[in-house]
Amino acid sequence: MNITIDHLLAGISVGGQYALIAIGYTMVYGILRLINFAHGDVFMASGLIVVYLTTAMPLQYAIPLVLFLTVMLGFFIERAAYKPLRQAPRMSVMISAIGVSYLIQNLALYITGGLPQTYPAIPWISDSITIFGAVTKRVTIITPILTIILIVLLVALIRYTKIGMAMRAVSKDFETAQLMGIKINRVISTTFVIGSLLAAVGSLLYFTSYQSVVPTSGSMPGLKAFVAAVFGGIGSIPGAVIGAFIIGICENLIKSSTEFAIFSDAFTFALLIFVLCVRPTGLFGEKSIDKV
Amino acid sequence: MNNLLKLEDITMQFGGVVAVNNLSLEVNEGEIVSLIGPNGAGKTTAFNVVTGVYEPTNGRVSFDGRAIVESYPHGKMRKAYAGENRGVYKKRIVKTPDKITKLGVARTFQNIRLFKSMTVLENVLVAMHMRRKSNLFTATFLLNRKEEKEMRRKAEELLEKVGLLDVKDELATSLPYGKQRRLEIARALATEPKLLLLDEPAAGMNPQETDELTAFIRSIRDEFGLTIFMIEHHMNLVMDISDRIYVIDFGKLIARGVPAEIQNNGVVIKAYLGVSEDA
Amino acid sequence: MKTKSKAIFKTIDIVLLLAVLGVAIAVDAFMPVGLPATVLKKGAVFAVVAVSMNLLNGFTGLFSLGQAGFMLLGAYTYAIFSIPLEARESVYYMQDHLAGFLHVAELPVIPAMIAAGLIAAVFAFLIGLPVLRLKSDYLAIATLGFAEIVGAFAKWDTLGPITNAPNPLVNYPKFSKVTTYFIVAGVCIAIIALLVRSTYGRAFKAIRDDEIAAEAMGINLAKHKMISFVTSSFFAGVGGAMLAMFQSKAQANSFTTALTYEILLIVVIGGIGSLSGSVIASFLYIACSEWWLRFLDTPDVIPGLTRNGFRLVVFSAVIMIIVLFFRRGLMGDKEFSTERLVKGSKQLVRNLQDKRKAKEAK
């Protein structure tokens, strides 16, 4: 019994972390129609930055700084690797994203020397607590709450601010928005900034529960978050969040069975293929018609 | 006269927008028929229904006496359908565009869609792929040399007829506009059609080129025994070449008849004068 | 005159091909072990896989990232069927029993390789039915997911009596000579090249250039995408079998998404839409990573900079430069030929001369 509650709690927690990453995917996809393969690696890099920063300074300075550095990383990647390819075919941009992912992972491998880096314990949120008889870290409870708060803020931002309106316009119609005088590059940069910021928060929560960072730490959560975004209907923020929670919970329930535990990752992809085939636009996505 | 193409009560609705509304028309064998109307009247949409790109919301298209496309409001459209003749059509026949091409309907595109990485000759050869007799094995292992030779000969013959033989090895997209349009027609002819749909063949042409095009369309009709159904804005061309004309506005048929009738039709003049200066 | 020079160039092309084979024979004869042999073998394997991926991504415009999955299927199929019957007990010592057919089914090398291709092709067909309808990036992520699923099944304990679960498969027959690798790779690549040049190849390119126009020209999209996907996967399977031979063990852990990315990057370096580009890039890539750039991983060749992992950093930086600034790669969408090389260098010389003249005129 406790095992199930354990896994359920872990699932909700991981789901929240995936949700925070998935938003970066879904927003970028909504605007650039690009699967930002490097997003998961930004998430990993954020974890590594924490590891290195905390050896040099106390946590209360390290955390704001890591948020800032992650945002800068996301911003810089967009400017360096995607912006020059604005007019290029979509395949080129996707290849560029894969290239960036490869570069970040290799850089991480070089810097860490391939050794797993121990993630520092963050006081209070790393503390153990007991709920429903299951022992867990406080982060498990905090994640979903923090996720929901951040997402409400984000949705408000998109709905009620000027930049939010610009984002919606750009994701509806890139060219027209440009003709209407919307500064495309600023909107895209903002999207990357928001995406990276949420990924940094997600990374703090995720690695607090997993304790160590390796160069490939980002790829699996990244892909799963992307699947969550597709599952919920790409471009839809609530969709991505719901998708992320569903995937997080299912995955952890599968992990609780010894025989099928090996399929906890594969399950996500099977779900993806199923959803794409049955309802390619996801749970909440809109249908678009190609013009001939 | 035997009608080759027949549209019955075609309605095409996208969400709440009815792009084609209850359109019925016929194109008889050997005729040149034009579909005209102001911009956004639903002409290209009608073409896309005939060629299988869109499944109509309601109605039937028959080719050579056989239904090739038929549908009725289903799914979301069951509620949202805003057109007429609900319940008349009960079957769903949806053929993919390639199947319809194979039956003998070829088309050109309003916004020229040549294969951009290919030469002029290859563009035509691609259209002959459908009628090949070789299979994957014989084609890969060069056991179809004879057929390949024959294909090339035919393609060159076609290119000669449209006056593009001298540029056959150039990239299709490097050709000037007018020649690209002619290549699109050559490519369509290579599929060995009975019915040729031309979507604004004279777009962007000057008066002299338009006159040449008129003669060209007539000549291919006679030579290949074609029936031609076209969308066009150049009124001189339309009036000069068409046996009959259909006029649509806001998706609805507003007039039909021989060119002389259409020229003097008050409704048509009003539709055009109200919207554009083309007429 | 023109046809005569064409014939000469063609002869030179053939001579060059023979020379390549000659190099392989020479390496076999004079230094059968060592870096050159390793590079040539691995290069040949990667060339097959890169060319098969190019058929799909470059010529048909289907952005698929499932290569590692099909290679895994090929590697496992080859290993499972070609391990000698008497050696099986010892290979599967971790399992409490062997699947029934493994007590009887043993195939010689070439039939086992063909089986490897066929199994990969069958899986490609099955997964292609739903997945090939998807648009570009969705197809990419779905095929990538497929590869992950295949990997999970290969490691699954329940399938252990067939796949040896997460443990490696070993002791199957291997090619020992570079020449054999070259001949097998050459045959695979030649078949793909013939396919690309056939009327089917034109149909693939038409689909890549413009799906809607291709369909309007009577090309059955579903069928032709499937042909391309299945063929590509067949050769990825054969390539997987060859990689298994090269590595002397087949294990799911070596067929990861990272492998797919590596192959994709080779295709990009060589030029998307150029088979000869993929082949050249494969050998260059492998030579750099296994041999020429190894010094970057040696500590303190450049003090404080070179150490384990630096080579990969340099590598990925170079790849980013290619992706961003030389998007056409080595060959663009052109194929290598002596004629083009000569014409190209003549043109280059002429351009330089023109530039100098322009400068002098100033």
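As written, the chains take the letters A, B and C, and residue 1 is the first residue of each chain.
Going forward, a contact is a pair of C-beta atoms (placed from the backbone, for glycine too) under 8 Å apart; a residue touches a chain by one contact, two chains touch by 3 or more.
This is a predicted model, so every value here is computed, not measured.
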- Task: Please list the single chain whose C-alpha centre lies closest to the global protein C-alpha centre.
- Result: C
- Greatest Cα-centre separation from subunit A belongs to chain B
- Using mean CA coordinates as chain centres, what's the subunit B-subunit C distance in Å? 42
- Task: Let me have the rounded angstrom distance from the C-alpha centre of subunit A over to the C-alpha centre of subunit C, please.
- Result: 32
- CA centre of subunit A versus CA centre of subunit B: separation in Å? 47
- Item | Shared interface positions of subunit B, touching two or more other chains | 53, 109
- Message: Which positions in subunit C are in touch with at least two other chains?
- Response: 212
- Set of subunit A residues in contact with two or more other chains: 292
- Can you name the residues of subunit C that touch subunit A in the complex? 57, 61, 63, 127, 130-131, 133-138, 140-142, 144-146, 148-149, 151-153, 155-158, 212, 257-258, 261, 264-265, 268, 272, 307-310, 312-313, 315-317, 319-320, 323-324, 327
- Task: Report the residues of subunit C in contact with subunit B in the complex, numbered from low to high.
- Result: 191, 194-195, 198-200, 202-203, 205-206, 208-210, 212-221, 227, 273, 333
- Residue positions on subunit A within touch of subunit C in the complex are 33-35, 80-81, 84-85, 88, 90-92, 94-96, 98-103, 106-107, 109-110, 113-114, 216, 219, 223, 226-227, 230, 259, 262-263, 265-266, 268-270, 272-273, 276-277, 280, 290, 292
- Item | Contact footprint of subunit C on subunit B as seen in their complex | 51, 53, 96-99, 101-102, 106-107, 109, 113-118, 122, 125-132, 134, 136, 139-142, 144, 148, 151, 187-188, 190-191
